[in-house]
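Here the chain labels run A, B, C, D, E, F, G, H, I and J in written order, and each chain numbers its own residues starting at 1.
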């Protein structure tokens, strides 16, 4: 079951603009209808708040464990994307965040779902 | 015959900005002049209305069946593009929608047709 | 329905060793179980008999029409491969022939089927 | 000799924004100085006027024949680009048009020439 | 738990030489030491015995289910490779069989394990 | 018209084994049936006889002019391949020669034709 | 230990806009937690101040030595990125600077960290 | 020695917006410090003034000779970029010009230098 | 200092032919002459002896530590290759072993060194 | 002028089979007819004699200087290939040697020349 308590954070290193991107190429969950596994690539991109404002970044190993907690969860593409966005936003309260889930094809159709929160700068929108 | 009644929808998961992209790499229809098959890649990209506004997303398997209904239809590239845009717009009433059809070469020329509806954000135009 | 009478042949141009390869990247048939379309790349490779021995080559446009005759046929991967090998062997009586069908993935598994007839030289085996 | 009378047009399918792209990867003309053949990829991109405004699209097969009419013409890269832009603009009177000619290398230098007419939207400029 | 009873077979279509290749790009199991998931690409290649000799091929959907039965199994790379080779050999009794498991990197090292049974022809060895 | 008198040769530089490969990516001729241009990549590979045996190599610029002499010739794929093999074999009398013509797709099928003369070593067969 | 005194600079060649990009594909440091080596690609992009304003560029060989000084340093991704940005900004006082560190995957997740200083023009943001 | 007198120009073909790009993949000069050769790819992009304004384009073969004149010149990356920009700007007086030099790696670091003059449109900046 | 005592082994899983390949894309050592770091990709390929003959395989994590022990060692390409071959052969006593070291370019030249021991089968030689 | 005295050698490290490959991607010489520069990739592959037999390997930096000595030499592709083979064979007296020169296109034709000496094993012939 997706478990956001697995995520740990650490203080962001400074107050200047900063962008972090983590790409997990080994994400898997389960289709809630068919019970077959789904496989996707998850991209998380965010800008932490500055240090003085209490900004934090998610710790990499804890993020891996959080992603692994979806392994046997029956959950739709759209829900995966929204849940991860919500959990990361709640854990880090970043200036902005993007979550992009890119799924392997099913029945000849492959899908990409994008969810955001906050004021994503123009240069990151649509990427 | 293209049959938009095949498409089913489900409620969009929330009210925050959201972009969905489905890519069908196995589209085929028939050239109305020569009777030879055409093959293309269809990209559908849209932003559903928010949940409170009754926003919906097209269900993936029903979308596949809808695409398959073009299999033996004699229809031009431009018409395929417009029909899909119109049918999806009618089924989902999204904030905006793009349909891009990328066709395998014929006589040394390959073609890409793009149709849109609604206020497509700058970051998605021309993609 | 696959229709081998669509294939026409023309006399091979000479008596020296000769290898012809035709690759059809736009093959489609139908899964006999699910009724869903299958898409594949068909490679045909053969060495015609010499001119004095009455050797012939398949004519390209007629080959295309022959491939198109599978479009709405419900037929397994293995049968497609064997039928094409048999039909081409029967139409041309070549020194040797290979038919390789490379299918787009279904349920995360993609398949390649290879059938041959005659004494395929070492340099073409396994290709 | 480039012959724009070869081009035929058909009415554009509707009044909504629409972008058409045709890519000819098999263009050849002749260098007017050396008499050697030049080879290039021609990309034509345009937005037709709406149906009510009498908008038209170039017919694909006639476009192929038009491109083929350059085959033995001695003509510079820049002139090819401008002539195609002018001929297509004259045949279709589109909202905007781009012609991009991308030439194989000569003497270690490869060239790309871009000509436009009309108000090309930001998302297509520089592409 | 890997469950070979999931595999179903069907009679091979004829008596001529025949090679079948199935590639599963969505294999996952679990590292028995760390408990972390492993991801790999499994290639299965075999030549069924002829029809008269009672030759059979593995059915594709049942093969998928068999592969999925490793999902939560703690098992080493080498064991995965040997178990799949043994189970498929036992289910089909083929002329020869190869199983190649190609694993995503761990700690900067990626691994490929190859197991075979029977007289693999020269053109398939080392592939 | 293909004109083998355009080809010039020069003495091979020594008596030791030697392999020369020329790849022309800008070959074009005309389909004798439709009158439409064909485009292909021509690979010529040969081993000249030793210097003492009067071995010669084709001069590169003259080879280019020879290839250009096919530009407006109506000629089939198979004939192009055989004519080039014959003309080069006649001009150089090499130990062995291969001519491989790789043609852009027509109607969804692309073709490769291979002709040889002499005792082509195992390592070059099938390449 | 990262040693910014290794960096040497030379006067920028003029007063017109100028962008310099150095990409080091052979960066390595050490994870402060596990002691295992990290490997990444470091991209540095900056615009030096004009010559009259005393603008300088970092000398390439000294930059290499500076990068090598991280070899056995235990340091986080984020810190590497910030330290390099700070050290280069301090050494050159450029109009703007970007430092992008792109790290090889660890545990199936690969990361990209971006830090900037000064008024980075729109065309370089998000690259 | 770089010799700008080698460059010849010809009148631009018209008054409409026009962009020319020449890419030289075979540029070489010499490092003034080590005496070792440097190799790079030079991209020149410009928009000529209109015909009525006396606009001109650089002639391609003369450009090749100009580039070759750097072959044995000891000169830094930054200077190559600025000299080419200055020489081309002086020869053509274009509306705008970009010169991008992309150098093969030295000591594990590869560099790209960009110089411009005039009002480069947004769609070409940062490319 | 390269430390072969870091390597641990485990019993090979059976007696049938078996090939293991480990690719380390993150190898680094130091040039003994210049003191600059070298970076390479190390491929190790071997066939363990059968289980009854006491065959063993190297354990993956211990192999990683062994490779890391070269990090600050001044050692030539050829020596790295031979030392790894000798150490692995000594640790596992395999039927055959190949070690291939593929080094990033230095001064425009990149190198590949291959060392073997035992009777490497034809299909693996030269790979 | 090509100067083989630039090459230095060092004793081969042992008596077991060993293959060395050096690839120079930055080779340039001059066409003796046109005076224009030629650019190519030079691959040198050899097996040194064993240590007890006095086997030696060419030192990498001296090889670079030797290659650079062709920079302003007017010399044909075939001669470059033979001269390098002869000079390296004379400097190292290897068991076998291959020299492969792969030249950038001229007039739409690109060439590869291969020269060898000694008993090149089957797995390296034709590579």
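In the analysis below, contacts are C-beta pairs under 8 Å (C-beta built on N, C-alpha and C of every residue); 3 or more make two chains touch, one makes a residue touch a chain.
Because the structure is predicted, anything quoted here is derived from the model rather than measured.
Undergrad: What's the farthest chain from chain B if centres are computed as the mean of the Cα atoms?
TA: J
Undergrad: Tell me which of C-F and D-J has more C-beta pairs in contact.
TA: If we tally the C-beta pairs in contact for C-F and D-J, the bigger total goes to C-F.
Undergrad: Thinking of B-D, which of A-B, H-J or D-J forms a repeat of its interface, with over half the contact pairs identical?
TA: A-B
Undergrad: Report the inter-centroid distance (CA atoms only) between chain C and chain E in whole Å.
TA: Taking the mean C-alpha position of each chain, the two centres sit 27 Å apart.
Undergrad: Which whole number of Å gives the spacing of the CA centres of chain A and chain C?
TA: 46
Undergrad: Hunt down the residues of chain I that sit against at least two other chains at once, touch-wise.
TA: Residues 25-26, 36, 39, 104-105, 107-108, 122, 127 of chain I each touch two or more of the other chains.
Undergrad: Which pairs of chains touch each other in this structure?
TA: Those chain pairs satisfying the definition are A-B, A-C, A-E, A-G, B-C, B-D, B-F, C-E, C-F, D-F, D-H, D-J, E-G, E-I, F-J, G-H, G-I, H-I, H-J, I-J.
Undergrad: With touch defined as at the start, can you tell me which chain E residues reach chain A in the complex?
TA: 25-26, 28, 36-37, 39, 68, 71-72, 104
Undergrad: Would you mind writing out the residues of chain E in touch with chain C in their complex?
TA: 12-14, 16-26, 57, 60-61, 63-64, 67, 121-124, 127
Undergrad: For the complex, which residues does chain I have touching chain J?
TA: That would be residues 78-79, 82, 105-117, 122, 125-127 of chain I.
Undergrad: What residues on chain H touch chain I, complex-wise?
TA: Counting only chain H, the residues touching chain I are 36-37, 39, 104-105, 107-108.
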